[in-house]
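Have a look at this one.
Order as written gives the chain letters A, B, C and D; numbering starts at 1 within each chain.
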Amino acid sequence: MSKSIRATMLSAGAAIVALTLATPGHAQSSGPIKIGVIAEAQAVAGSSIPQAAQMAADEINAAGGVNGRKIEIVTYDDHSSAAEAVRAFQRAANEDHVNAVIASYISEVVLALEPWTGRLKTVMVTPGAASDVITQNIAKDYDHLKYTFHGYLTSTSLADQVCDASKDLLVKDLHMKSAVVMSEDAAWTTPLDDEYLKCLPKVGLKVVDHIRFSPDTTDFTPIFNKIEGEKPDVIVTGISHVGVQPTVQWKQQEVPIPMIGISSQATNSSFWNDTNGATEGVLYQAVSGPGVAVTPKTLPFVAAFNKRFGNNPSYCGYTAYDEVYYIADAIKRGGTDPDKLVDALEKTHYVGTIGTIEFKGKDTPNPHALKIGGTTVPGLMLQWQNGKQVNLWPASVANGKLKFPKFIKVGSAN
Amino acid sequence: MSMAEPAHLEVDGLTKRFGGLVAVKNMAFRVRAGEIFGLIGPNGSGKSTVMKLIMGIERPDAGSVRINGTEVAGWPSHKIARLGAGIVFQHSRPLHRQTVLENIKLALLPDKLTRLLADPQTDERARAIAARVGLSGVLDRRPATLPFADLRKIEIAKAIARNPQVLLIDEPFAGLTSAETAAFSDLICELRDDGRAVLLVDHNVKSVARLVNRVLAMYVGERIAEGTADEVMRNETVRRVYLGGNIETAARPESSFRDRTTPFLEVAELSVQYGKAQALQNVSIHVHAGEFVSVVGLNGAGKTTLFNAISGLLPYAGDIRREGASLRGHTAATIARNGVVQCSEGRNLFTDMTVRENLDLGGQHLTAAESAEQIAWLFELFPILRERQKQAAGTLSGGEQQMLTIARALMMKPKLLILDEPTLGLAPVILEQISKALERLRQTTAITVLLGEQNVTFALPHADRVYVLEHARIVWEGAPAAFAAEMGTGYL
Amino acid sequence: MQSASTTRILLIALAAVIAVSFLPLGVSGYILGLLTVAYYFGVFAMAWDLLFGFAGEVNFGPTFLVGTGAYTAGILDNLYQPPIWLCVAAGALAAVLGGVVLALPALRVRGPYFGLTTLVAVLMLQNFVVVDAHLTGGEIGLTIPDVITISDAVNYEIALWFMAVSGAILFALSRSPVGLILQASGQDAVQAGALGFNVTKHKLAAFIISAFFSGLAGALMAFYLSSASVGTFIDITVGVQIIIAAVIGGRRTILGAVLGAVFLIAMSELLRPLGDLSNFVVFAMALVVVLLFPGGFFGLLTRSKESG
Amino acid sequence: MTLFWQILIDGFAISSLYALGATGFALIFGVSGVLNLSHGALMVAAVVAAWAAGDQLHVGPYAGAAIGVVIGFIASLVTYFLIVRPLQQSQKIREEEKEIFILTATLLWGIMLQELIAYLYTNNAKTVAPIVQGVVSIAGVRTPSNEIFTAIVCWLVIAVLWLLVNRTRAGKAVLAASMNPRGVTLLGIELSQVYIAVWAIYGVLVGIAGVLLGMFLGVSSYSVGPLTASAFSIVVLGGLGSVSGALIAAYVVGYLETLTAYLISPAYRTIPALLLLVAVMYVRPRGLLGRR
């Protein structure tokens, strides 16, 4: 038996050696600037992240790079699993020696990575996660977690934007009075819903019910029926992991109540086909949208992205694109030393595709969160109208009028 | 009973039901120390069930089982085993990845989770036991590489490892050559001489006659005779069960069949192996078109194997020719479609389907008209089936099921009809009916029949010729009339 | 000679372990990370092999035990931050309880039915995790504040030696009298009973041991990743990977399971260039092994000895 | 009161779908004794195919549905010839171990399909363009026509299957094979052909069930596991091998889930059914109408 065992061990050894060979060499400070991108390529929202990042990198390199150094994007697929993300992050930091990481649009994943940014002293910017907890943690333990930056709106800010938009679009124009909050049960919706419950009444929408459902729900019939029973004027949504199924079933059952709020998957241009057009009339918040000139950079980016990848970027596409730019900018100013890089990023003032990027200071409750509203990141409220994403709010950048499919009875309550 | 010398094993009023059927009815016997007790009976007589009941593998519905005076009825079998009972199963399933020695050691292990290292004596004791049963030569081989007889020895070794006072052995000699059988018998006698109580379970008295002090004969769950081997062999009931009364035969001389040169079916030098066990050895038989041939033999003699080989259901060495053309390579279904049809021992009815549906399936290959006509004829042959048409086959009585099986086979308009143990577990009355049906079949049609039976009463009357199959070999061929004289006694 | 070859195998294995324990000197942190995970998987697979290969119980829910261990430890740490070893112990204990729960049907229902109960157990656990998101972090995952250490090398050595010790224990157990009795019970419970062995007792023990190691490994791995998620510890896919590791490594060999686990992880790494297709290819390879070499790697290597 | 009708109607639609899905699963187990753990993957494959046909080839809903069914059919036969049959005929594997091997292999195969689908079409949920649109009102409950359509088709298919099995010679042979394979062989019917026929039928059933599910609720590659598990548990609940048992169990589970979703919370939807399953397996391991 012994001979065979030895052979066994050899083969095991062989596997390990193979692994060793599989690892690239070390990156020198003179070499390219490496930015790791961790996201799930098999998800609609996620797939835009590496694509947009690569685009930004190519543009920067075409323009001569950063202080003469090229930018190299290293991508990892985490299949939206916290554990795989951690592994990818470790590889990025220890193995590929990246200078910064752009990671995930899922709060739980980002929250899992956050402690590692401190442990491995590696800057991380998230293009899509929303939970306020990310930045709240930084406030709690700035010295360790300062390497984390929140490149997207916090849930609270998202909720505020939805409320403001609802006020103008639904309360002012359509005299709506009541709403039901419908959110998937996930980390990012906890602060979102809290804020909904606070701000909706303020803008004149009485919250008649608050429903949280498990993200692996497949049959939404009972939920919609329950909501309909409560006769609200509008359903305010907080959905990201799910999207297609509630939308399709909303249409199929012809639920006569409009939906407004966060519907991350709806930001993606392929959502129309994914739902076979069921998304007609759905209102969703976004930081930018096709044909909406939030800043002069927005439309050229969308055009270029569409030209290169054949579809419009998801919301994470815009943010990831900007992030590569302002990370590069920060490195230009502060170099690649992690702590210097953090200082530089904190001083960021950069006009991107979603607005002007500035981070809140370390003494705020949400350090490294994006400043929103007015001159910084305005945020939009768009609506799907026969295959197009039309922007309705704010009026300054609106390019269409609110209109609902006929099964929607506006004000069915009264 | 005398306290002086208590019976090691005492069974009283032992009863076991499976659903409706009573497998064991009110069984009672004693086996004393240093005694070999034979429990015999044809298949389905319930003898194996008795053994399982004693060992606690099945729970008795009523009655008592005492081992050295301790009531064990209803105990889990590991407790009974530890109390001093051991069993040798007919089918051995040793640990394939372990050596013979380890397999024996297994039986020596204490039933403890704490024992992570076998104590040193285990090894010697295992070797001693191996030596005793004659396995010393193969201690380090793996079971898969051993001949069948050695596998049986492993089972014995395991059974005696715990030095049981009561030893149950199921069909001790099944699948063994006569030489091996002799060796095995000696071993069993030694075990008896150690002062154990040994219970042998087998089909017929003959195979155990040399060993047993007393024999109990069972038939459909009940005791029909008890006494010494000779007494039981002389017992009238036993003779009827095995041989039937005096038989009048209606054999036609072989010369009367036209296809003398190339018989319809010709089996030449057929051998079949089940793993290590030799199920058939150089069996040669032939059947002429229109002839009625009976193959007589006890269960386990190899009849079913022979028929399954003919039906193409299992691999074999040798050759099987139909009208001169070899059947090798034909699928079982093809063979059946071409008219060699078997009514197997298990009957293989579609129990959830009605009688009619079963017959229709038999007539799959016929046109609607033909099949209707055929069914009509069969209802003539078996009137009871007409009444039962709409009934699910599973709900029929054993006899009716047997008739249905035969009828379903006849739906295929067979050239050769193979009947395997049609009488299995049937009451004498039913046998009569089936027997009559066969008789009419034989007279009204030119059908060729190959019948396998252990029940001679049933096998002989219709037969033109008889083969006797014993321990995988054909040991006798001749006219039915000659059978009783030449084979009768030996057959019991 | 049996015992001789047992110790021999253990010695060779030990030599191999010592050999690879020097990897941190030459190999990058990332590879160490991969192997760390591979080693924990190895323990999962070995524990599964003890149940299936020896006790003969078709357990489709190895992740039920693993997940229970991982989440118990994780949640505990999340809520009260007790010392880590306490969380780990609690995880192992919870898994053992889970093992007993799982054993109950096993002693009543057989074959596919038991297979299904284990499957159901996993689904129940998954449901619990997803539904009680506030406690468990929901379907994406639970973040565990503490780590044992962030040094790849130390993590690697912990995993390696934990695997080595568990492996030694399980292997020795499988070759011990108890292992023999387990095999006998798994192969033919009736005969084992007739030989005087309390089959129920031994199978229950097998479940408890298997559960203990699964849970312990699960808890340790959770602390290594400082996160626990359905996708890593509970999902049926993970369970399948564990089973695959054991099957392609070679059933009834315990140690083979480790080879299987290392193979799976190594492959998915070597195939990284294929991107999202890598998993597909790995599973395809495993399928080929199952179809063509039912004996697995260990079986292939020891074919000469296994003529049956 | 409307709630009552609500539950009655929704429950019926979903249950019918379960019934159709489980029927095929029960059929192949009954006849060929195979528990096909790639069941869910085959269904998802059908859905994604139907979706892709509509999304990328821009064919109409009917053509899309047809393509979905065809893919289900093909996938099923591939499963049989590539995975199941080689194992059944393998000389290397001991008979008593074949079951576990087939379980493992089909499980693997299912996950391979899942990975492949995710790779080709992402793991976002996919829905098939419904053949019928709009809603109708039943007993005051606004019901999607598609829901009714689903229930009707399910029952049509099940009825056709029933006729096929009970009224045709070939069907009878299949039924017979499920009761006694040896008996079938002895009557001159080739078992191998029966098996192929059964897997073909199964493929069609899976295809149809998948496409309907895609129109009704939609699926993602994540649904593979749950779909297999639900079919498996329904079949075990009904009694392995008993098609009628599977039908009944499908309604038990379907209504139990709907009741839970409406009366307790959608989040707990599947749990009571699972508990029931475990309970039944303790009390009556062979299931409600189990033969074996």
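Quick notes
Assume contacts are C-beta pairs under 8 Å (C-beta built on N, C-alpha and C of every residue); 3 or more make two chains touch, one makes a residue touch a chain.
Just so you know, these numbers come straight off a predicted model, no measurement behind them.
Looking at contact counts per chain pair, the maximum sits at A-C. Comparing the CA-atom centres of all chains against that of chain B, the greatest distance is found for A.
Taking each chain's centre as the average of its CA atoms, chain A and chain C sit 36 Å apart.
Remark: chain C and chain D have CA centroids separated by 31 Å (rounded to whole angstrom).
Each chain gets one centre point, the mean of its Cα atoms, and the points for chain A and chain B are 74 Å apart.
Shared contact sites, meaning residues of chain A that touch two or more other chains, fall at 42, 185, 214, 216.
Each of residues 118-119, 226, 267 in chain D touches at least two other chains. For chain C, the set of residues that touch two or more other chains comprises 130-131, 276. Here the chains touching each other pair up as A-C, A-D, B-C, B-D, C-D.
On the chain A side of its complex with chain C, the touching residues are 1-2, 4-9, 11-13, 15-16, 18-20, 22-23, 41-42, 77, 79-84, 86-87, 90-91, 94-95, 106-109, 111-112, 115-116, 119-120, 185-187, 214-216, 241. For chain C in complex with chain A, the touching residues are 5, 8-9, 12-13, 15-16, 19-20, 23, 26-31, 33-35, 37, 130-131, 133, 137-143, 145, 147, 150, 152, 225-229, 231-232, 255, 258-259, 262-263, 266, 269-270, 272, 275-276, 297-298, 301-302, 304-305. Interface residues of chain A, counted against chain D in their complex, comprise 42-44, 47, 185, 213-214, 216-223, 225-226, 242-245, 248-249, 252-254, 265, 273-276, 278, 407. Per the touch definition, chain C reaches chain D in the complex via residues 52, 58, 60, 105, 108-113, 115-117, 119-120, 123-124, 127, 130-131, 235-237, 240, 243-244, 247, 276-277, 279-280, 283-284, 286-287, 290-291, 293-295. Only residues 35, 83, 86-87, 90, 92-93, 97, 99-101, 103-105, 107-109, 111-112, 114-116, 118-119, 225-226, 229, 232-233, 236, 240, 267-268, 270-271, 274, 277-278, 281-282, 285 of chain D touch chain C when the two sit together in their complex.
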